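Chain lettering (A, B, C, D, E, F, G and H) follows the sequence in which the chains are written, and residue indices restart at 1 in each chain.
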Amino acid sequence: MVFCQGKTTEQILSILRLMRERHATVLATRASEEVARAVQEAFPEAEYNPRARTLVIRSPAAATVVHKDHTVLVVCAGTADIPVAEEAVVTAETMGCHVERLYDVGVAGIHRLLDHSAQLASADVIIVVAGMEGALPSVVGGLVHCPVIAVPTSVGYGASFQGLAALLTMLNCCAPGVVVVNIDNGFGAGYFASIIVKKS
Amino acid sequence: MVFCQGKTTEQILSILRLMRERHATVLATRASEEVARAVQEAFPEAEYNPRARTLVIRSPAAATVVHKDHTVLVVCAGTADIPVAEEAVVTAETMGCHVERLYDVGVAGIHRLLDHSAQLASADVIIVVAGMEGALPSVVGGLVHCPVIAVPTSVGYGASFQGLAALLTMLNCCAPGVVVVNIDNGFGAGYFASIIVKKS
Amino acid sequence: MVFCQGKTTEQILSILRLMRERHATVLATRASEEVARAVQEAFPEAEYNPRARTLVIRSPAAATVVHKDHTVLVVCAGTADIPVAEEAVVTAETMGCHVERLYDVGVAGIHRLLDHSAQLASADVIIVVAGMEGALPSVVGGLVHCPVIAVPTSVGYGASFQGLAALLTMLNCCAPGVVVVNIDNGFGAGYFASIIVKKS
Amino acid sequence: MVFCQGKTTEQILSILRLMRERHATVLATRASEEVARAVQEAFPEAEYNPRARTLVIRSPAAATVVHKDHTVLVVCAGTADIPVAEEAVVTAETMGCHVERLYDVGVAGIHRLLDHSAQLASADVIIVVAGMEGALPSVVGGLVHCPVIAVPTSVGYGASFQGLAALLTMLNCCAPGVVVVNIDNGFGAGYFASIIVKKS
Amino acid sequence: MVFCQGKTTEQILSILRLMRERHATVLATRASEEVARAVQEAFPEAEYNPRARTLVIRSPAAATVVHKDHTVLVVCAGTADIPVAEEAVVTAETMGCHVERLYDVGVAGIHRLLDHSAQLASADVIIVVAGMEGALPSVVGGLVHCPVIAVPTSVGYGASFQGLAALLTMLNCCAPGVVVVNIDNGFGAGYFASIIVKKS
Amino acid sequence: MVFCQGKTTEQILSILRLMRERHATVLATRASEEVARAVQEAFPEAEYNPRARTLVIRSPAAATVVHKDHTVLVVCAGTADIPVAEEAVVTAETMGCHVERLYDVGVAGIHRLLDHSAQLASADVIIVVAGMEGALPSVVGGLVHCPVIAVPTSVGYGASFQGLAALLTMLNCCAPGVVVVNIDNGFGAGYFASIIVKKS
Amino acid sequence: MVFCQGKTTEQILSILRLMRERHATVLATRASEEVARAVQEAFPEAEYNPRARTLVIRSPAAATVVHKDHTVLVVCAGTADIPVAEEAVVTAETMGCHVERLYDVGVAGIHRLLDHSAQLASADVIIVVAGMEGALPSVVGGLVHCPVIAVPTSVGYGASFQGLAALLTMLNCCAPGVVVVNIDNGFGAGYFASIIVKKS
Amino acid sequence: MVFCQGKTTEQILSILRLMRERHATVLATRASEEVARAVQEAFPEAEYNPRARTLVIRSPAAATVVHKDHTVLVVCAGTADIPVAEEAVVTAETMGCHVERLYDVGVAGIHRLLDHSAQLASADVIIVVAGMEGALPSVVGGLVHCPVIAVPTSVGYGASFQGLAALLTMLNCCAPGVVVVNIDNGFGAGYFASIIVKKS
């Protein structure tokens, strides 16, 4: 995996070349459109997901082994949180997970969430992405018995302080079974979900 | 009303004497047991509520006019939030409101809250008291159409930072119709609910 | 209502189309001029208020029922706070309130405020918008008996920390009857004022 | 589970009685010695662990099913972090996990940690408890492929700001596969580890 | 002047002995009752003001020259702010100023303040002491043309953050002619007022 | 005085027109070059100081009465602090003060400052402008007996946190006789110095 | 070395026994008087320095090699900073350094510091201990060419925020050649000074 | 040395001219490419290092005395930290040190660091540059006996808070022998390393 933010296009390309030699599949996150164009020129097989800002470079031979018996469910509170949720989705899929999405089910309309109780109950790991007050993981954590990974996002304004409010909410979650990753760290959540699934 | 914290017992007594001359009913909040004893010695009619840490001094003649047609519902997330919730209850009752309680319905067990949907829907003003992640007002705010007053409490540990986490959560509440008062300010919430009821 | 900030123009348009089917009136806040142009192309009846950065889409048939007997007064400290105040005004008007404005009455010239004592006294709900030190709600709250909704703004520099100073001031307000919404949240204040008026 | 901090002894006892009726095993955390004495009087079978400040009440019939094939390894940086580590140990054991301890292996003496590479590699889930700079999870996360749960502690002084420094360190962990819980939340880490093990 | 807080009684006594040799008048601030007793034993002429927590040791010969033509007015918002206000009063008086008090005129009851417009207008320097939201200096600063020294106090709870809220309010004061000293620094304000008076 | 930041050019022009009618001299601060051009078109007599970012509009008849017997000394630590220092200079001069400058005398080269001991000793009021660690007012305050007004600037990087470090330094100044204004508030310091001089 | 704070007396004793076997000299810091008594009972040769709160246990045979040609100078701003300064002194001496003290030379009386210019100039490493605004290292750093280690202390009140203000000041020090350790970390400064001296 | 950030190109040029007259070698840091071009036009001998953003102007006659017997080792955690590391390298080299680099050895891959144990052990001073969680200095500090200078960088996102997380980590470092400079202050670290080397 390569975290593109804060690196020059040249640095990214040379890291990708090194990794490409060693691994059948390489994932780059936080890739701007400019970076994506340069990478796709160098690696025509690279797939760019502009919403998730991810690049996946895969050998044609690399048949991804999907863990079909286990489901990672990515839940997301609002429209503006989708880029982070998609980063989690792409990461988990690239690592061979079967992923489902449940988007736009913020706590202010709790019945939209409760309408999907069965889907929540059948998931093996749940990633919950939310900005602003970040209350969704607390509710989801109280509804299920599987591991819940909470991802605060920098979505919000004023007293959200670029995701700090959502981060604190999630760290203080009164439902047990909820852990937290860094603000906007969809990759980290997707990766962690994958290693739980692989353990199973 | 008198806020006792930070004042000496003598200061409190002399303020109470002044107010007693002018008003039929006087409310003192944040009264320690020591203060309560001194006040009850001076004003034998003073009622002390040790959970709410409130003192109410009322003229025998002062028949409290209760606004029976309107209900202030005080909702509280956890056992440790009860003192702040009770301060809100006593304040609203002292100001003539009809008050109902709905305690221990934190978001980690959302169905306990949803079981009381009818009670929530019939309230005219709702006060929601919560510490730790403070997510309850977001859920309540999404379920009702009446004004919701959110009270963060200093209940919690670690990254709750003495109520800061709950405060930020409530300020960033994505449900409209939710306003916030200071950390542990049950009095402020009860007072505000009362003036809404009086307007009706 | 749609909060435009952080959403793409396409996302906003598709949300507006969905909401338009269900509601006679739709309000969009934090709409940039670019968003406004795109929305007005799709919905020619949309009215854009550039100061408030709001878009209102209303069915010709939708005669707004105005609650004429009740007045929401929007008070604002300085010139730079006007955009947030206007967001509150547009929100409350769209929800059927009779709204009055009292602008540029900051606490440093207290007599400008006191000259409007009658207008303050006759309001049913007051929204007070202020940046920098955010002291205006404390003074207004001490002058009236109706509910006061305080809106801190991000106006200021240095130790205002993008509205944090005003927010803390308002949360610590020593006048009872004052509640607070998020920094720059004119919409939240206007919405809350409307549901109080509707309760009356 | 019962979180004792912030509750009165009476509240704790009445909650325990309720839970005891429904569950074969009950765990209480953050129990002071005073609380422990009162609980042991009411429930003579209660086991108190003074280092972890936990109380476990177990039915004689309740044969704990231990997941022997999976190991939860609790790693701890310094002597002062042991109480939090022990809270994690007791929680995971109470929930039926096989738990191992690896204590006093802070990053300032990296070879003490590396001497246990085999133990680290064979664990199924690792809980890493650290205060002060909280760097241990980053190193452990880089050495293993299993899920790592990082627990910042309030151990430290000065710029540790009661665990904030360790918390931020862990959230910014550059090793993937590391998630974080609240400061001093040994219980949360133990619980989360258990549900991963149960999934396996 | 000696700042007693954080020093042992012995250190204070030895510093006072040194200063006493060189100066006709010595002022010690933040003196606890225990320190006061020890100092009065050593210096029987020491006057202790328990509200201000100050000790003044003066030579019988030291006739304090009072600047009678100039008035330092110490204004204070609430009862709990009085100790800090008194520290300012004692400091300015010890340095030879004519001092007047105007206490308990917080902004929530603005008319109590305005009733003393003449006294405010005739002052040469005004010290304004306020905790909680700390809004009083903004109002006073708008009413007068003389220098205003604002003293935030640690009075308050919750989001007052031990005086931080009041401090930020005062630093962002939109009235010109207002400067700020440290939280609870009544001494600093009294001293600064004195050197302005001496310049005149 | 007009604070231009956060206002549109049109708002600034209309405020200036109003003020121009009432006052012989008008000062506008934080004026960008774009604002300056627009103002100078409307008021050809307006003088723009690009370093201080100030505009002064003065009636030809308005002979500024200069208080020649008193000197305001503006001291500044580094080159990057000069814009704030100049804002103080222009403000004090516009208000009729005799102003002297002592620039580039930061504490890291204490002898440059001490070389000007006589100039420091002869000043009636001193304004000290400093960013980064903001230590200069502490040293100056210890060298003189006149009032010292400290102005923290947002100059610095990293842990200067946009002037917060300098602000805290100045508030904790152990030299008595030092007061503080908001970060980058050269105007406030110049204004305050002027009213002290006018009192004299 | 053993850091006693946060450890039980038994833990400290067992760590000391282990270390005593391996090392001729052992240093324990942050030792309360209670801890000291217990340690001196177990190790009668232990020397307790109550001001520094340190315990030194030394083999009679352990002739401390003093690096006589190099001087570590410990400079301290105020009386209340002495305990931290002494911790640095004891640490450096225990590690074999020749240490000199220069106490009570805060920046508010810069000439007291300058009177010792020769002593400053002849030092090989300087440790500067200061609380409140923490400005002393900036001045010292500008006077000398040797390494300066700055130690912020938690001495102060209000906006010193338990040493945060001094810490930020020192991190933003504009004099080159100054580095910083944690708040109150006299040990760290003494240790670092020693390894510089040993390198020489 | 000249710190270019926050200064105009003209100010930089005039400072460089002054310094050039007095010193054989001048170093300018934080020089943008635009500044670099202007300086190289005025001083054709100026060498610009775009990664380090440094300019070095050296007299042809100025034979740099290199302290060959002592090595300053600059260690850096990730690719994005290189600019700060290079600033340290250029500074130390300009001051006559022999410098070695050890880049891209972050704690998440501890064996890359341990593979260079010999290089670490043979260094005389080590500068460790790291962003995100900033854990590298703790590990390095535990491996070596020489002075370690930790430089936090602003590299990271979310809860890294522009380098605050790394800064706190390094200040709380449990390995002795580690000191800290400001965020991104490669110059300060390089300078401090040089004066240690010169002392030797």
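Convention: a residue touches a chain if its C-beta (ideal position, glycine included) is under 8 Å from a C-beta of that chain, and two chains touch if they have at least 3 such contacts.
Nothing here was measured: the structure is a model prediction, and the numbers come from that model.
A.B. asks: If I rank E-F and C-E by number of C-beta contact pairs, which comes first?
C.D. replies: C-E
A.B. asks: If you average the CA atoms of subunit B and of subunit E, how far apart do the two points sit, in angstrom?
C.D. replies: 35
A.B. asks: So what's the Cα centroid distance for subunit A and subunit B, whole Å?
C.D. replies: Subunit A and subunit B have C-alpha centres separated by 40 Å.
A.B. asks: Between subunit B and subunit C, tell me the centre distance in angstrom, where each centre is the average of that chain's C-alpha atoms.
C.D. replies: 27
A.B. asks: Which residues belonging to subunit G are in contact with no fewer than two other chains?
C.D. replies: Touching at least two other chains: 158-160, 164, 167, 171-173, 182-183.
A.B. asks: Could you list each pair of chains that touch one another?
C.D. replies: Those chain pairs satisfying the definition are A-B, A-C, A-D, A-H, B-C, B-D, B-E, C-E, C-F, D-G, D-H, E-F, E-G, F-G, F-H, G-H.
A.B. asks: Touching subunit B in the complex: which residues of subunit E?
C.D. replies: Against subunit B, the touching part of subunit E is residues 79-80, 155, 157-160.
A.B. asks: Please name which positions on subunit B make contact with subunit E in the complex.
C.D. replies: Touch residues, subunit B against subunit E: 5-7, 11, 15, 152, 154, 162-164, 167, 182-185.
A.B. asks: Enumerate the contact residues on subunit H facing subunit D in the complex.
C.D. replies: Touch list, subunit H to subunit D: 77-78, 106-110, 114, 132-135, 138-139, 141-143, 156, 158-161, 164-166, 168-175.
A.B. asks: Which residues of subunit A touch subunit D in their complex?
C.D. replies: By the definition above, subunit A touches subunit D via 1, 124-125, 145-147, 149, 167, 171-173, 176-183, 187-188, 191-192, 195-196, 199-200.
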